[in-house]
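Below: a set of structures, written as structure tokens.
Look for chain A in each of the two complexes below; its partner is chain B in the first and chain C in the second.
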Partner chain A sequence: MHHRVIDQWSRGVSPLHALSAGVKLAALLGILIAISAAPTYPTIITASGLLTIAAMVSGLPFTGLLSRAAFVLPFTAIFALLTWWSGDPERALLLVAKSFLSGFAAVLFAATTPLAAWTNTLRRCRFPSTLVTVIEFLYRYLFVVAQQAETMRWAARGRGGFRFDAAGGAVGALFARSWQRADGIHRAMLARGFQGTPK
Partner chain B sequence: MIHANYSNSRMHIPDGFLTPPVWLTLDVISVPVVAWVARRRPAVVSDLDRRVPLMGVMGAFVFAAQMINFPVGLGASGHLLGGTLLALMLGPGAAAIVLTAVLILQALLFQDGGVLALGANIFNMALAGVLLGYLPSRLFGRNMVTIFLGGMLSVLISGVLALAELQTSGVAITGHPAQVALLLFALTGIVEGAITVVVIRSIERLNHTALRSTSATSLHARLAVIGAAAVLALCGAWLASGAPDSLQLLASNVGLDAEPVWTHSPLANYEVSSLGPEWARRPAAGLLGLAFVYTMFSLGGKKR
Partner chain C sequence: MTRVVDVRGLRYRYADGTQALNGIDFHLDAGECVALFGANGSGKTTFVLHLNGLLEGEGHIEVCGLPLSRATADQIRAKVGLVFQDSDDQLFMPTVLEDVAFGPRNLGLAPPETETRARLALEQVGMTHAIQKAPYHLSAGEKRRVAIAGVLAMQPEILILDEPTTSLDPPAQRDLAELLANLPQAKLLVTHDTQFAEALATRAVFFERGRVAGEGSVDDIIHRFHWQAHSPRSVSLDRRSAK
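Right after this comes the complex of A and B.
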């Protein structure tokens, strides 16, 4: 899965990785707001320059980062083409540049900041602790539940694929198992003295 | 095999599309609403820390469930989006939190939706989508029809809101592209409704403890739903005033423009023409309409 790579990247060692999550989050928002508020070529060129330097400092594979940022392109391409056809090619290019650069900035942030670091920052910024804890749980069990879904998909492929109602049965079973898993997790947490937020 | 995965006609707006006034407004709306929902304490306090791991695992479930493809004919497939399912299983508040968490992770780790656009995406999918997915079952009791309707409405409202926001930001989507987009949303909505129905039926067959019994609607809950719906109507009216095209397109698509009765009603053109200053008319009309619909629903709906 895609986020596994980002997770590994985020545990690297570089000056950018060492920077505190709060500073990186502020820088990310700053760049995004600048691109959004002043969408001109000087802003875009300055932002690309800064992001390229940051990517170099991070020591992560540059093309890898670029290809992850390209995940925004399918959505963007549709609207860019529409804008182009309606006779505004310059605006279309700007749209692609803006959304790609914004995506790249977000990738760079996620690829140099482990999830626990930025969720702790969110918690310190007085984000609702329920929401932050849910994000952490979600991330922790993403691999586990996704693995289960993957197994179901393989099994179904072995039987010749899902019919509509059979796929419904699989998702229902996945739901029930996730629910039981959550109950088990909660009991295990109580046994270890959990009181609302992770310590 | 063509993998025309409907939900990849995504409703996640990336950064770079919305203008600052639009994303800022929606951030300013969504953040306090989510914070309020997240800080609410359930009636039984010990329930809260039981629900936190549950919500987390359910978020992981939403991601994972999207890996299972539902064949919908012609080699195309769809998958569960999950807003309505979560709202019916966990309640709308918890569902909104789970989907917000999903959207935040999608924005940062999957480049699915922007960071500044998070407010917009949360508003469209985690708030409006969940609310509309939940409303039919809440008002009429849970049965196959209301579940289907909820799934369909939740997708439709998310899509239409996204279109309206893009439109307000000056991203030109008019004429045929807008019609195609609405058609896609409608198809995705039908698929989502059908998937939600089969999944809930299969959970029922498993006779799972997760099934919430439809409890009597308390006054408090009703007020919360009305309040949320009112906010939604206000925002919708505000957006509609900025983007009349797409909403009129929607109207013409569902046949509302063929000599509709309501052009003669006091709410014609979403404006209360006889009262109040200019700026208050559309929201007032929206609220009046809501009150009307709500009254009809509570008169017609089964009391439980």
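Right after this comes the complex of A and C.
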């Protein structure tokens, strides 16, 4: 399953993988804050250089990381275009670069740190337990929902392909299935003594 | 023999008006393994969800001498281990070990005991090699084993398995049957798999439209209700002999 790629990458072996999750989390926050607080060309160039070196050290496929980081671009492209049309092309370019680098840093972090390692770090840093549990559930069930979406796509292709006008119905069906899944999980949690708060 | 489950006159109606259970009387003794047969929609799963207090119907349910009510539901959930049909519903923590430890943690046990219980349960089901794996990296058979370990870690007195052989290949089914045969708990198997039931159960109960339509030995119930799947090979042989 292609949606498992980042999870599989995170279990790889490299000096970056071996680095403690806490150090990587601090570095990620540092880069994100620097890029957001000072979106200038020197900051962007320095961050790009550091992230490129980190990606090379990780031994992960560079194009794979770039393509996954590019998922953020459609969202920022709209704002960048509006900024460009309003007569500030330099700011528009910095906006795109800023969001792309933030996405790249987040992807690189997730691809070199298993979920359990960084959620345990969050717990040690006294992050609210409920919030960490929600992150873990969200991550876990992203795979289940993605797998369900993929099964539905295969079923549609098996019956002649996916039509644009059927997309709304398919999204609705996926939502209904996800809802059903959530209900099943809640029951399973109750069956094992869950009383509303993680212990 | 000690009675561990005693159900009398259980009725349940879903919010949409469907009468799912219509006066069920049922009992399960300590160490016994009972198979629950019946068509889809006959009320089997609805029934087992009541034994864990997940659904509340009318009637009387007693588990290990405790009458089931909202006040006793938590105590009863510690005694009744429910393994769901879809293991993906049951495995929600990031690693296998954390998932199996989820139940004991909810029982309020100290972390060292929680981990000991989780490791012991994983050893019982032969899954110690997967302790640090993510549940979604496991095969269907392994997921089922981990789901059972998650329930065993709570050290229940009763084990309920809803369609345990679904999506398992024959070797995984055989392994599961061997595993269950060696567990001392009283077991209730909700299943369509008659061979699996014959291998494990000493008694069978047949559900029909929310009622118990029959009760007896597994063989007896299979023959009385014609509850045997025909393989395509036997169908084609029947056709050939008919010509």
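What to note about this one:
We take it that the second predicted complex is superposed on the first by the 132 of 199 C-alpha atoms of A that agree within 3 Å, B and C clash if a C-alpha of one lies under 4 Å from a C-alpha of the other, contacts with A are read in each partner's own complex, and residues count from 1 in each chain.
Operating definition for what follows: contacts are C-beta pairs under 8 Å (C-beta built on N, C-alpha and C of every residue); 3 or more make two chains touch, one makes a residue touch a chain.
All figures in this text were calculated on a predicted structure; none of them were measured in a lab.
In the superposition on chain A, A:Arg159 contacts neither chain B nor chain C.
In the superposition on chain A, A:Glu136 makes contact with both chain B and chain C. Once the two complexes are overlaid on the shared chain, A:Val144 sits against chain B and chain C alike.
Measured by the number of chain A residues touched, the leading partner among chain B and chain C is B. Judged by the touch definition given at the top, the superposed model places A:Ala116 against chain C, while chain B stays out of reach. In the superposition on chain A, A:Arg192 makes contact with chain C only, while chain B stays out of contact range.
Residue contacts after overlaying the shared chain place A:Gly103 against chain B, while chain C stays out of touching range. By the document's definition of touching, of the two partners only chain B reaches A:Pro128; chain C does not.
On chain A, the surface touched by chain B in one complex and the surface touched by chain C in the other have residues 136-137, 139-141, 144, 181, 185, 189, 194-195 in common.
Of all the residues in chain B, the ones that touch chain A in their complex are 8, 10, 12, 14-20, 23, 34-35, 38-39, 48-50, 52-61, 63-65, 67-72, 80, 85, 89, 97-98, 100-102, 104-105, 107-112, 114-116, 166, 171-173, 177, 194-195, 198-203, 205-206, 208-210.
Chain contact summary for the complex, chain C toward chain A: residues 49, 52, 54, 74, 77-78, 82, 84, 86, 88-90, 92-95, 98, 102-103, 105-108, 132, 134-137, 150-151, 154. Considering their complex, residues 2-3, 6, 28-29, 32-33, 35-37, 39, 68-69, 71-72, 74-76, 79, 82-83, 86, 88, 95, 97-103, 106-107, 109-110, 118, 127-128, 130-131, 133-142, 144-146, 148-150, 152-153, 161-165, 167-176, 178-179, 181-183, 185-186, 189, 194-196 of chain A touch chain B. On the chain A side of its complex with chain C, the touching residues are 4, 7, 114-116, 119, 136-137, 139-141, 143-144, 181, 184-185, 187-195, 199.
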